[in-house]
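Structure incoming, see below.
So that you can tell them apart, the chains are marked A, B, C, D and E in the order they are listed, and the count of residues begins at 1 in each.
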Amino acid sequence: MSEQSGATPQRPAFTPGLSNPYLPMPAKVIEVITETPTIKTFRVVLQDEKLMKEFSFEPGQVGQLSMFGSGESTFVINSPPTRMEYLQFSVMRAGENTTALHSLEAGDIVGVRAPLGNYFPYDSMKGKDIVFIGGGIGMAPLRTLLLFMLDNRKDYGKISLLYGARSPQDMAFGAELPDWIARPDLDCVLTIDREAEGWPHRVGLIPNVLLEMNPSPKNCIAITCGPPIMIKFTLQALEKLKFSPEQIVTTLEKRMKCGIGICGRCNIGDKYVCVDGPVFTLAQLKEMPNEL
Amino acid sequence: MSVLNTKELRIIGFLCNWCSYGGADTAGVGRFTQPTDLRVVRVPCSGRINPLFILKSLLGGADGVLVSGCHPRDCHYAEGNFYARRRLELLKGFLPVLGIDPRRFEYTWVSASEGQRWQHVVEAFTAQIHGLGPARGWPEAPELEILNAVAR
Amino acid sequence: MSIQDDIKAAIAKALQDIPCVIGWGAGPEPLRATPLFMRNAADVENFTAGFLAVNNPALYLPSCKGVKTALVVKGCDARSVGQLVAENLVKRDELYLIGYPCSGVIDVDKVAARLEGKCEPGEVTRLREENEDVILDTPGGEVRLAKKDIAADKCARCRYPNAESADVFIGEKRAPVVDQDEYADLADFEKLSLEERKAFWEKELSRCIRCYACRNACPLCVCRDHCVASSREPHWLTQADGVRDKLFFQLIHATHLAGRCTGCGECERACPVGIPVLTLKRAFSRQVEDMFGYMAGIDVNTTPPLLTFRLEEPEIKEREW
Amino acid sequence: MRIGVFICHCGSNIAGTVDCAAVAAKAATYPDVAYATDIMYACAEPGQDAIIAAIKEHQLSGVVVASCTPRMHEPTFRKTVERAGLNRYMFEMANIREHVSWIGKDIEANTNKAAELVRMAAAKLRLNKELKPKSFPVTKRLLVVGGGVAGIQAALDAADAGLEVILVEKQPTIGGKMAKLDKTFPTVDCSSCILGPRMVDVAQHPNITLYAYSEVESVSGYVGNFDVKIRKKASYVDWVKCTGCGLCTEKCPARKSYDRFNEGVGPTTAIIIPFPQAIPKKASIEREHCRLLTGGKCGVCAKVCPTGAINYAMEDEIIEARVGGIVAATGYDLIDWKIYEEYGGGRYPDVVTSLQYERMLSASGPTGGHIKRPSDGVEPKDVVFIQCVGSRDPSIGRPYCSGFCCMYTAKQAILTKDHIPDSQSYVFYMDIRSPGKGYDEFTRRVQEEYKARYIRGRVSLVYPKGNKLIVRGADTLMGVQVEVEADLVVLAVGAEAASESAKLAEKLRISYDSYGFFMEGHPKLKPVETNTAGVFLAGACQGLKDIPSSVAQGSAAAAKAIGLLSRDMLDSDPQIAFVSANRCVGCGKCIEVCPFKAIQEIDLRGQPKAEVIETVCQGCGLCNATCPQGAIQLSHFTDNQILAEVEALCRF
Amino acid sequence: MVMNTDTAQKFVSFEALPAFLAKLAAGATLYAPRRENKAVVYRPWQAGDKVELSLRPTESCKHVVFPRSEELFSFDMGGDPEKPGKAGLTLQEASEPGPAVVFAALSCDARGFLAFDPVYDGCGTGGKAKDTYYLKRREKTTLIVRTCKSSLNTCFCTWVGGSPASSEGADALLTEINGGYLLEAVTDKGASLLASLPAASDEQSAASRAAREQAVQSAPQPPQDMIKAPAALGALFDSAAFWEKQSAHCIYCGACTYLCPTCYCFNITDESNGLKGLRMRSWDNCMSPLFTLETSGHNPRQEKANRLKNRVGHKFSYYPKIHSGRFSCCGCGRCIKSCPSSVDIRKIVLDAIKEAANV
């Protein structure tokens, strides 16, 4: 990784709230937002006020959200560290635990183990243009960094967001989109895969729209997250746009259990996504065994 | 619960909705008095009953398990009880291999009209289980003890 | 030419049209062979059949689906294949079976018992077959053992030594063993009282490490990647180290094998801690045979008994309550 | 989940032996239970309103009602929770009436048991999923099985309402038992005069397709779309060509054939038209009597047939049809009275059944309406009627009253007097049961006006003496033994379900009782429905009844069928199996066992997988119990839901 | 804490062994190899139990510090009388483990713990997230290993830095000599355990030394180029053909991992009954396809070839890269000995080295 790119994810910043890293912090769900038919957003507050006050994390770090009796799943904390009234997790219903999480209602108690993993190297991105490319639920990890950067707007150059989903109904964070679009300091492009009635924004697959947007790689970092197939073609598009591997940052998803680099399942070669990731540059990924 | 612990045993019944559950209803409508031990799990068809439900019950602390379905040829779903008959018969023959008294499990057929027969089945089975007494449990991992609301 | 060479010739011939032939080759130590996937002439040179050809190659068939595959099979292996075919889990026309007369296979645990006090089976440095005997080189010198004393239990009552369904059969067919009761292996267990049986399973299962070698060695256990042993939907089992869960898994396996198990014994052989898990399946098999006259893996055209029924079941004495 | 629990008192039905408040208090401690209360009548309007109010007030997402059997009110409460905005499947019932309060008086045990049943229900409910029905098109065609008066009525009513109707009759003619009757009680009007026109209507109705001499071979499918196979039995006569002229029946040399229509009163030919008003009026050959078909020599009928309709090579034909609903109207048969040795066990020719006597009375019968003793053709003077032959007799497993024998015996006594004015009728009876309109008056008339002698008592023996039959019995009113010298004895033989009703029930997947009578959905509230959706009952197949009741039930069954088939689309029950495709290994075991062929193999990215055909699946769950990895699960009765109920018991 | 071994040699005669074991068992749970049916397993020792020393244990003793399943904590969501159905949350950590002694483990078993130690000490998080459950047990466990008198066909401890007489990772070493056993403390923990025993004579010490030397002599010779293993495996990562061939007969059960003294992977699951339940961890294994199956259905190691590659790669490539060249393998050979289909990890590694040389 070149110094110049600066896009080096940090070493783990594990700051457990308790001495036992497996013990979750009890947290109360204060709000549930139904984003799409399959995605719900949960805003939680640690029950221990002191812990909540002291809680700190970096954009891109993840947390293990527990539904007691069902289990834990890993989600990025998609609220930014600059807004600490609550921690926000967005959950796509797919398996048993995410289905259980979807039954949560305001007032319910969950467990949180956070922050875990590394984070976006936002310091080294200072002064640069940023292109966010998010697909579907992949918007969640981008949201935390996007809001963080908007909250520290002067530190960064031009910020663009390309956010795509299958259809208007599948677009998460709908409540925030009007604001993002309206902001003069954010270039927000929304797209859906196929034409839909009343959709005023773009239509087309993310990589294609990205090529149309044609962002300049000069002094620019592209940050992308989304389903594997979208990532695959987005990376191709970015390479076509002459982004170097050092300029492309993504965040990975793996099956995780312990979250602290022990249980052994999230490794890619000698890297553990839960502690060495989830944020990697494409340059790093190219160094690693091809086992995504 | 406390008093009943000594006078009731844990008997689980798996009843098909169309015949035997109806038969139990008919027994109720007819006010045919029955022992109180039995707890009924309603399933659509005796063919729905995976023998593993019965094994799970017996390993998990049930003292007796009773399955009842439609009489052969009368299955609401035409064939479910024919399959059940084979599976349950095999299961019953298998229980002694585990050291479980096969009399802790019985299966029978009771139609929706046979309230009196249902009464007889419940009486006879309950008496049989009381005759055998409480089943000896199977050890679990110690950490699972918390799952038991009542230590058995 | 020996039978071994004849089989090799048959394998080589099969390889002309078929990409892979599964048989056995030299294993990591003298008492053990290992399944061998032969794709070329050099592989065939490593082929070995006979007393060490323990593994059941039918195990690999479901994962070969869609690709024509040849197997060298013992009689018991052929039964597993037969059952897979009967259940339409593999297609017969995707298979090519090379049969040979099997005279029994080794049970390393029996060797261990014979070597007790001398050395461990893992210290045997060489095995030679000499007619009905094997000669083992051990640290304490040569030990001669009769094959029949160290052959697997199933071999002593083998009724199908000849892979009747083979596409090509190498060698003279052997006469089946008929003098031992098919379920003689259950006799000792059945002498136990109900209480003793329960204690027996509690003791044996307490050793289980939940590695599921029994399951993965079973040629008829087809769920493998989707086994309910670790699923939450359905959630039959906890992952805890308790006899109840461990026994329950064995009951899942046994009930799923009821009417399907051919008694190849691979589950029990695979168990690293020596739990007699085959007993559970054999108990079902005997009942299935008594009740439905069905022995798995013999007739590919008969539906396995738990997937069918008869309107009248003469052997089922339904209880009248 | 936020669960609300409602413990119903059902007045004192439950509260009498269950401490409902205690059960509610216990239920309040169960997982996810946010609200628990007891309630006087959950099913009544105030009860349902209270449930709806509680759902809204406490933001409940699931409801448990502990009350009567779910077989009774589950649909009611599902609608209730639906009215409150919940999915109807977010509801469970605990049966604490039929399964608790009504079967024991121990309040402590009952209360505990009720609380445990509620715990099971709540444990299951926590795993319930919202289910939504799929709708599917309905075949607007009705199958009526049985062409007796009930079936005829059902067919005509349904056809008049615009439905296509297929009427299947086992015999070569419709008309059933009523067609055999001479007169009907209590009006003593001519049976064929009132039934005949209705039969003609059937033949002529553009919406009715009649398959006589046919039987239902198999039924598959389900409400809205049953696929039926009908076996049209070989009549050896091409009915398209047959004009019903009857020439063949006159010339047929096999004149000793059993006359089924006439109950064996006199012989008939091998080729027959059952009776002059038969519908269809077509000839048919009874194979076992035909000289050509059994011996290979004859062929007379073929020679005489003016239209060349005879076809000895004819074979059974299978007709396939899809129908939306089915009415079973298969009627009854007489029991085998020959088991009664005291009546001669069938050895005395002058002991006849009531139905044989009807044929003897009928002007179109074999005796031309003249009553003659079968033994010698002499007109009888003293006729003894014995009631309850095979009715109300637990010793032969027929403890029930056949219901109509008292009335037809009275009618036959009247007709006897009409035919033979100097005759004397004697009636041995147990009780006279005549609760219908004008019925009791009728039984009085026969005694008072027609001077029939009614003797209350059983007949202990009938034996021949010379050319008479001595009927010995008790007169329990007088307390004396009586003996009557009879010329003819008529047995009022009891009835039972038609001989093959059980087989049909199995094909229709409906229940039947130990006598073979089909089980109605509910003895009070669903007298013509069955527990199999889309199958209705009419007439004596459901339970013995007389003509007016049969006709009424025929109309009622038609009304139900019309109601069902008036809809273009039906909602399928969403309690069906579903496949978790990523767990399915495509082994096909579920496909093998599914009784409904509701599972098919599909190809998913090169892998074989099972797929449930949603409108075909009936939700039996056999596949679920068969799938080794549990990849196919039955909605609303998943493994985890059943395990939750088991755990709710075993872990406590 | 390693101490001067020369000063702590003790002797226990065959006859005195039961009394010594009883003493050990009095203060801790004493695990000793026991014959059960065809297997030799480490079980809590009770007076009268025969310690099986003629056959090598089928399983490793890792379950003493890393139980096959254990509670992490329990939870109770009930308890609020105002909101009975669902209320608060009480978490209760699992109770502290008691002291344990393992008697007569194999020397390779002890070296297995050395593979565990850095991982459970939180090396992944720079030491920040320590696995307290493991560490507490490890600390409270005293390990007495034994010198192997001979090698099995499947033994290869010498390939991976071990030896049949190694006491690395153990607290004491047991060597059979004439008339009994010589016990040699390696750590203070070991020494305190042996304190009550009589000191060994010089003769006995010499005999023990000789026995150990003899054991080392008889051990298999390591291949020359094991050091190339990490690079070779790295180079072959994308060689699907190599891994398909090596894994063809593997039946991907977990026997190898569960018997392995260095395999430390686990699963975490919840079990509950109503409002109460527990979070537990249990052994898991990388040969299972479910190990890495993601919720989306995607599985980075869907094929068994990939899983075997990860297992071998972890032990001989990834782990050494992170842990200064140390293999995560102690060469006990149990994975080979007990493999139902005779997969031989030695052969895979050697083939890989050979193959990589050709690439």
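Note that contacts are C-beta pairs under 8 Å (C-beta built on N, C-alpha and C of every residue); 3 or more make two chains touch, one makes a residue touch a chain.
All of these numbers come straight from a predicted model, not from anything done at the bench.
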- Query: Stepping chain to touching chain, what's the minimum from chain A to chain B?
  - Reply: 2
- Which one chain sits nearest the middle, judging by mean Cα positions? B
- Item | Chain whose Cα centroid lies at the greatest distance from that of chain E | D
- Message: Based on mean C-alpha positions, I'd like to know which chain lies farthest from chain C.
- Response: D
- Inter-chain centre distance, chain C versus chain E - centres from mean C-alpha coordinates, in Å: 30
- Let me have the rounded angstrom distance from the C-alpha centre of chain B over to the C-alpha centre of chain C, please. 36
- Note on the structure: Rounded to the nearest Å, the gap separating the Cα centres of chain A and chain D is 65
- Would you kindly tell me how far, in whole Å, the mean C-alpha position of chain C lies from that of chain A? 50
- Query: For chain C, which residues are shared contacts with two or more other chains?
  - Reply: 225, 232-233, 236, 238, 240-242, 306
- Expected list for chain A, residues touching two or more other chains, is 71
- chain D, residues touching no fewer than two other chains: 2, 582, 593, 626, 639, 643, 647, 651
- Message: List the residues on chain E that touch chain D in their complex, please.
- Response: 77-78, 83-86, 273-275, 297
- Item | Contact set on chain A toward chain E in their complex | 11-12, 14-16, 19-24, 26, 47, 66, 68-73, 94-95, 97-98, 108-109, 111, 227-228, 253-255, 257-258, 260-270, 272, 274-276, 289-292
- Item | Residues of chain D touching chain C in the complex | 580, 582-585, 587-589, 592-593, 626, 628-631, 633, 638-640, 643
- Touch list for chain D against partner chain E, complex: 2-3, 28-34, 123, 582, 647, 651
- In their complex, what parts of chain E are in touch with chain A? 72-73, 75, 77, 86, 88-89, 91, 93, 119-120, 122-126, 128-133, 234, 237-238, 264-272, 277, 279, 281, 284, 286, 291-296, 298, 300-301, 306, 310, 313-314, 317-319, 321-322
